[in-house]
Structure formats: C-alpha cells, structure tokens
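Next come two complexes, and both contain subunit A; in the first it sits with subunit B, in the second with subunit C.
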Partner chain A sequence: MKHALVLCAALGLAAGLAGQPVSAQSEDRTAAEFDKFREVLEEANPAELWEVKGEALWKTKRGPKNASLEQCDLGLGPGVVKGAYVQLPRYFEDTGKVMDVEQRIVHCMVTLQGFKFEDLAKAPFSRGDYTPDPVSLVTYVAGQSREMKIAAPQSHPQERATYEIGKQIFFYRAGPWDFACATCHSEDGKRIRTQNLPNFTKPGESAARGYIGWPGYRMTGGVMHTLQWRMNDCFRQQRFPEPGYASDTIAALLTYMAVNANGQTYRGPGIKR
Partner chain B sequence: MGDPMKIRAKLEGDIADVRVLMAHPMETGQRKDAAGKVIPAHFIKEIRAELNGKVVWTADISQAVSRNPVFAFKVKGAKGGDKLRITWEDNTGDKRTDEITLGS
Partner chain C sequence: MNRAIVFAGLAAVVAGCAGMQGETAYHEQAVAMMKRDFHTRGIAQVDRLNQDELQRVCTQYGDHPPADVEKRLEAVEMASIKLPADGKYMGDWKRGQRIAADGRGMTWSDKPGVSGGSCYNCHQLSPRETSFGNVGPSLRAFGKTRGFTVENQKYVYQRVSNSKAFVLCSAMPRFGHSSTLTEEQIKDVVAYLMDPNSPVNQ
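Now for the complex of A and B:
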C-alpha cells in the first residue's frame, strides 16, 4: 500500500514536469537554432558537387550502347531536364506506369545505354567514397528544378490510382512493431531526438517539409542520398521487409508525398545533419 | 585527377566575391577501416587562385580541414570577362584545375 502511494506520487511529479511550458519553449529554440545552422550550410552545400558530376554523367556517352542520356524522356520530352523533377512522379506511356525520378533515370540507363538493371540494383546506395551513378544523376536533374513549384501531375487515371496506392502503403500497419509510416508522420509537432518529423498527411507546407529536402547531402559520412534510399531506410527502421530498388511500391509512396507537397517551392538538393 | 569543383563568383564593382567548393575525402591518416587497417592520409595541401594567369590568392591547408571543403575569398581589381582559375594539389601529388569566366 505504502509502495503504491510512493509510486503514485512519483508518477504525478513526472507528469507535472513534462507538462511545464518551459520544455516546449526550449524545444522551439532548439528547432530555431537548427534552422539557422541549415541556412548557413545551404549557402555552401556539397550536394552541388554531385550536380556537377551528374551533369557530366548525363552528357557523356557511356554503357554497352555507348550513348548519352540526352535522349532520356523525363516526362517533358526527350532530353528536357529543366523543370522535369518537380513534375515527377508521373505516368509514362512507354512503360505503362507511374515512375519516380530515380526509377525513370535507371530505366533510361537500361534502355538507352544498355546497362543491366541487376547490376545497378546490386549496390544502389551511397557509402563512404562510393556514389552510385543514378544518385549523381538524380541530384543533377533535381538541381535543374531549383526555385520551381512542385507540380506532380494527377491528370492521368493511373496517376490518381497510384496516389491512392501510396496512401494505403503510408497507412498500412504491419511488421513486428505494428508500425506504419503514419505512426510517425501523421501528426504535427512530433520529433525523434532533435529531428522534427514532417506531417505528410497535411497537404501543402507541412507535407512539403519532408519532401523538398531531397536528394540530400548527409554530413554524417559526407554522402549524397536520394529518396529511394530514404524510403528504403524508413522500411528498415519499421522492421518491414526492405522493398526492391526502384520498385513500384516506392514510386507509389513518393507519388503520395509529392502530390501532397504540390504548390510548394523546390529549393534544390538539400543538406542533412 | 579529382572530381570537378564548383566555383561561384559574384562581381560587386571591382571586387569578386569568390566561393569554391572542392570534392575531396580529406583523410587525416588517423582513422582505421573495418579491418583495423589505417586509412592512409589523403588531403589537399595547397590551393591557388589565378586571375588572368596572375596568382591572387593561395592557401596552405592540412588534415584539419573537413571533407568536401568550401573556401570563400574576395579578389580586388576584377572585371567581367576575367578568367579565374583555381587549382588544388594534395599530398599524393594529385591535382585538379577548374576555370570560370567572371560575370557570366
């Protein structure tokens, strides 16, 4: 009985402390400091190095077919790179499905340059000094949409259907932890350690916050990452089976995210802690 | 030869505000890999900026500078059309030179 009372008192004290406005205030201040830090870094974002590298890869004749990617159609016609990124994912006639930027670039590398998908999917994520070519290419293409408004299309029935599939995946709870994307990303004001978690269910500025920072340079390790990696890592963190590289599952999820971010300005490849 | 660097310069009157971003691992020589072997030192030793062939700025740096370093400096007496060339050389003798035309 006595123990129970002590426990109750301790719980009451803890609850009282957690509810104090002071902690909320200092959290805001921490977030503001992080924003300032990011602003300074954006002026000299090493992601630009990958843009330069990606541009060279785009224009160089490579692969078994010795072709450049200058005939690659990212949705605005063969070879049009300017503004293509903010209008992806979109439906492509030739493949009959909705594709995101990395999936499309990989498709071009396979069809135009003759690379094998299996080879590209073997080690698709950056690590140490190694950057897969599609990552540099995505960074270049994304950089060509700087200061443009995100406008992922929803005019084709496939695009609307893919959005709905993406939404279902977003809310799908499964795995040993009974987790979903929505567990962390469907409420305002949540965070993990110092990272603020964007709410992807609220169209506009809120959903865009998580979408526009990619592809991004990660200071931890000094590597460049794309949304393909970010999505894969989210699946891993949820203890889900990891999706295949450049899979339709991820294209659907990215369609959901991109459409919810529509109307917001894309500021170019980002920088991460 | 290293990867290309990114040079940006803004002209304000006769002063060029230059910012250069270099791709380099900048290994200190003190880290070990997964197998416990020391990763050899690999860092930029010297950076040199030339305006129309004349050296206007140099920097001697070492391991203390982080990966993919950024440097910013101002050059007096610059005008549109001038060629700004930047070269770095690292401790392995590797070099990289890139050039831009001011005001373009």
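Now for the complex of A and C:
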C-alpha cells in the first residue's frame, strides 16, 4: 500500500517534470528535481511495474500457437531466466548467430507463440501509454539478473567475431555529418549540452556506466525503454539511416558494449533522465 | 644471436599482418551487415552508409591518419570551400545565435532544408547560455581574443563551412560541404562569433 502511494507520487512528479520546457536556466533546477525524484524512487522503482507486467506476459499462454514463453531458451536452457540477462548477448546454436536479449525474446515470440516478426517490428518503441510487449518482457528478464556481474561470453569464435564486428560498426564514420558512435563516445568527461557521454571504448567502469542503466524508465516522456530504442535514437542523432529493429547490427554493437562492461555489477532496470 | 633478433622481427611482422587481415575482414563483414540491416527513413537515405574518401580514411586510421595523407586530403577539403561571391563574411549575429542553439537538421525526423548548427552541443559560446557541450573547445569571447579582423572572419567562415580543411578527422561536421547550412546562415554564425556586439564577445 505505502509502496503504491510512493510510486503514484513519484510518477506524478515525473509527469510534471516531463511537461516542463527545457531551457538553460531551468537545467540546474531540473537536475535538482531529478535527484529528489530519484530519492523518492529508491523505495519504489517505476521499472518494477514493467517487470511485473513482463512476468505475466512471460507466463501467459498467448499468440496464434497459444503458448507461454516458459520454454524460451535465453542461453542457460529452456525456461531459465535467472542470470540470463547478464550473460547476453551470446551465441545460439539454433539460429547460428549471436543474439541480444530483445532479439532473442522476439525470436521466441515468433517460434514458440507464432507471432509475426513484421507485426512486432511495426511499433517497437514505447510512447505515451503504449508499451510494446517485448519491452515489458526485456524488463522482466533483466530484473532477474539484479546485483549480478555482467558476464557476456567470449568463448565461442562467433562471439569473438561479433565483438570485433561491433567494434568496427562503432568506429564507422559516415553520413552528412561524418559521425561514428566513437565521435561522441570515445573520450572521458565529454558532454553534448549538459548530457554526459559515456566512453564505451575503454573496458571497465566507464563503459559499464552507459550500458548497465538499461532497460530504463525515462523521465522525458515517462516511458520504459530498452537498449533497442537507445541504439535507434543514437543512430538518428548520428544522421544515419534507420537500423532494423532487433537486427544483427544492434546485436553486434551491444556485444561490443556488453563485453567492455564485463565484471561490473548490474543493478537492474533503472531510471534515466 | 643476430639470427634470433631477425626471427623475432619476422614473427612480429607476420603477426602484425595477420592482425591487419583480421581487421579488414571484420570491417568488410561489418559493412555488409549494415547494408543488410539499414533502411531509408525520411530524408535519411540508405546511401548515407557509403563513405566518401575522407570518412574512409578517418575510419581506417582511427582518426589519426599518416601526416602526408592528412595534408593531401585537407588540401582537397580546403579547395572545395565556396567563399561568398560578394566577399562579405559577416551576417546578423542575432540570427546567428538562433542557428548556434538549433540542434535540428539532417536526421530522419527533420524536414529537408530545416537545419541549425548545433554549435552549443559541442561548444561554449555566450556566457549567458549555461547549457553547452565540450566535445569542441570553448569559443567564449572568440572575436575579442583573436581580434576582429577580416582575416579571422574568413577563418571562421571556412571553419564552419568545412572544419575538415583544418583538422582532417575533426568531430565537427562540414556544415557547408554537406549543405546543412546556407551561405547566409554561415555568415550569421560568423557574426555571432566575430561581431563586437555579440554576447559571445561580452
């Protein structure tokens, strides 16, 4: 009960913040409000709402084949969810490639439940009151790795190759503004406006900082987002064409970032500005 | 003894070649993967994945190409800059301020022809704007410190038009070369940095 009340108050505050125009003068105040908001949320993390929803989706018989996802293999065997998230992306025999968490869940929704990939890819990002099912599912699965160490495997040759391909994509400069991921994310202490830019090129704490905050409840807009959305929006800012949802390009980038974050502790689905 | 050294050297060279080959192979796989996975959306056409020579060289050398390559390609970029036909570099600093703060342009969610310069994303300029990035150096009091000369006006015009003429693998976009900003917009931005009345120089 108290839990629910705190959560409602927190969400109300978030809605208020989201509606504010962002100007230079209000930046500092917004940052202060954000800290306050984060304190309130220590008791009730809004991401938990989506974890609960995702768990229900995981266990319910759904789709044309009327099946649950309880036989979905996230890499540790069919149905094993605990600890699976921090060991992704990884190589899967059945598809013959390295897959990230959302790509794998979508794969299970297609093969086990009979959903069509094209339908799932039509509107894959949260907006307003709409949360796509894979987003809730990823949040649930990620929540089952809370306080575990990131341990993206590099034992299979394909996993090592995918890391190298992801690295190449990360450094690939193109488009009208000549940007690569590396243009914004390869030095410590850099910012775009007031937003801190994590350096993903150095294994360890710095690379982890930008990786482990996902999936995240985003105060701007008041929605839950996964790394699929973050990758999509960074490619937009990079002035690139649009990457396919749950595509191999995204899986390769996530492999590069996850492996560079290896050894750091995953705190679970969180809150983003 | 000498033999051992020669052998060690050879082994290092061979290992180096193998490393290079691996990298080239991964690069090719990465490009093939992107070509498969990306699609056109709005004005962001899929052919944006194709690199021009500068982008290819900067990617290949991790933004640190050999000096001779760098000099040669910087000269190519410099030669491609179109200076204003009327010989005037300065526009209206007030309009320039709006352009410097405007982060729109060239994304798939932007309309064609609607672009700002994103200068505040990467630079500090006016002391009144506290929300600025630091990917580039502070340009605070730029004209005042460098001198309000026509020479410097020209330099800023060229810099904004094509930063790669000065630093080949610069993080700063080529705003003129990519047709992000018009000649008039670039002049307005030059005035924002170089007009003694601009807040940048207060």
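Basically, the second predicted complex is superposed on the first by the 230 of 273 C-alpha atoms of A that agree within 3 Å, B and C clash if a C-alpha of one lies under 4 Å from a C-alpha of the other, contacts with A are read in each partner's own complex, and residues count from 1 in each chain.
Note that a residue touches a chain if its C-beta (ideal position, glycine included) is under 8 Å from a C-beta of that chain, and two chains touch if they have at least 3 such contacts.
Everything numeric here is computed off the predicted structure, so don't read it as measured data.
In the superposition on chain A, A:A56 contacts subunit B only, with no contact to subunit C. In the overlay built on the shared chain, the residue A:A44 is in contact with subunit B alone; subunit C does not reach it. Judged by the number of subunit A residues each one touches, C leads among subunit B and subunit C. In the superposition on chain A, A:A151 makes contact with neither subunit B nor subunit C.
Of the two partner chains, subunit B is the only one touched by A:D129; subunit C is not.
Contact with neither subunit B nor subunit C is seen for A:A261 once the two complexes are overlaid on the shared chain. Every residue of subunit A that touches subunit B in the complex is listed here, in rising order: 43-44, 46, 48-49, 51-53, 56, 129, 222. The touching residues of subunit C, when paired with subunit A in their complex, are 22-23, 26-27, 29-31, 33-34, 36-41, 44-46, 48-51, 54-55, 58-59, 62-63, 106-109, 120-122, 128-135, 164, 171, 173-174, 178-180. Taken in their complex, subunit B has these residues touching subunit A: 3-6, 19, 21-23, 25, 67-68, 70, 72. Contact residues of subunit A toward subunit C in the complex are 23-25, 27-28, 161, 164-169, 171-180, 182-184, 189-194, 197, 236-237, 239-244, 247-250, 252.
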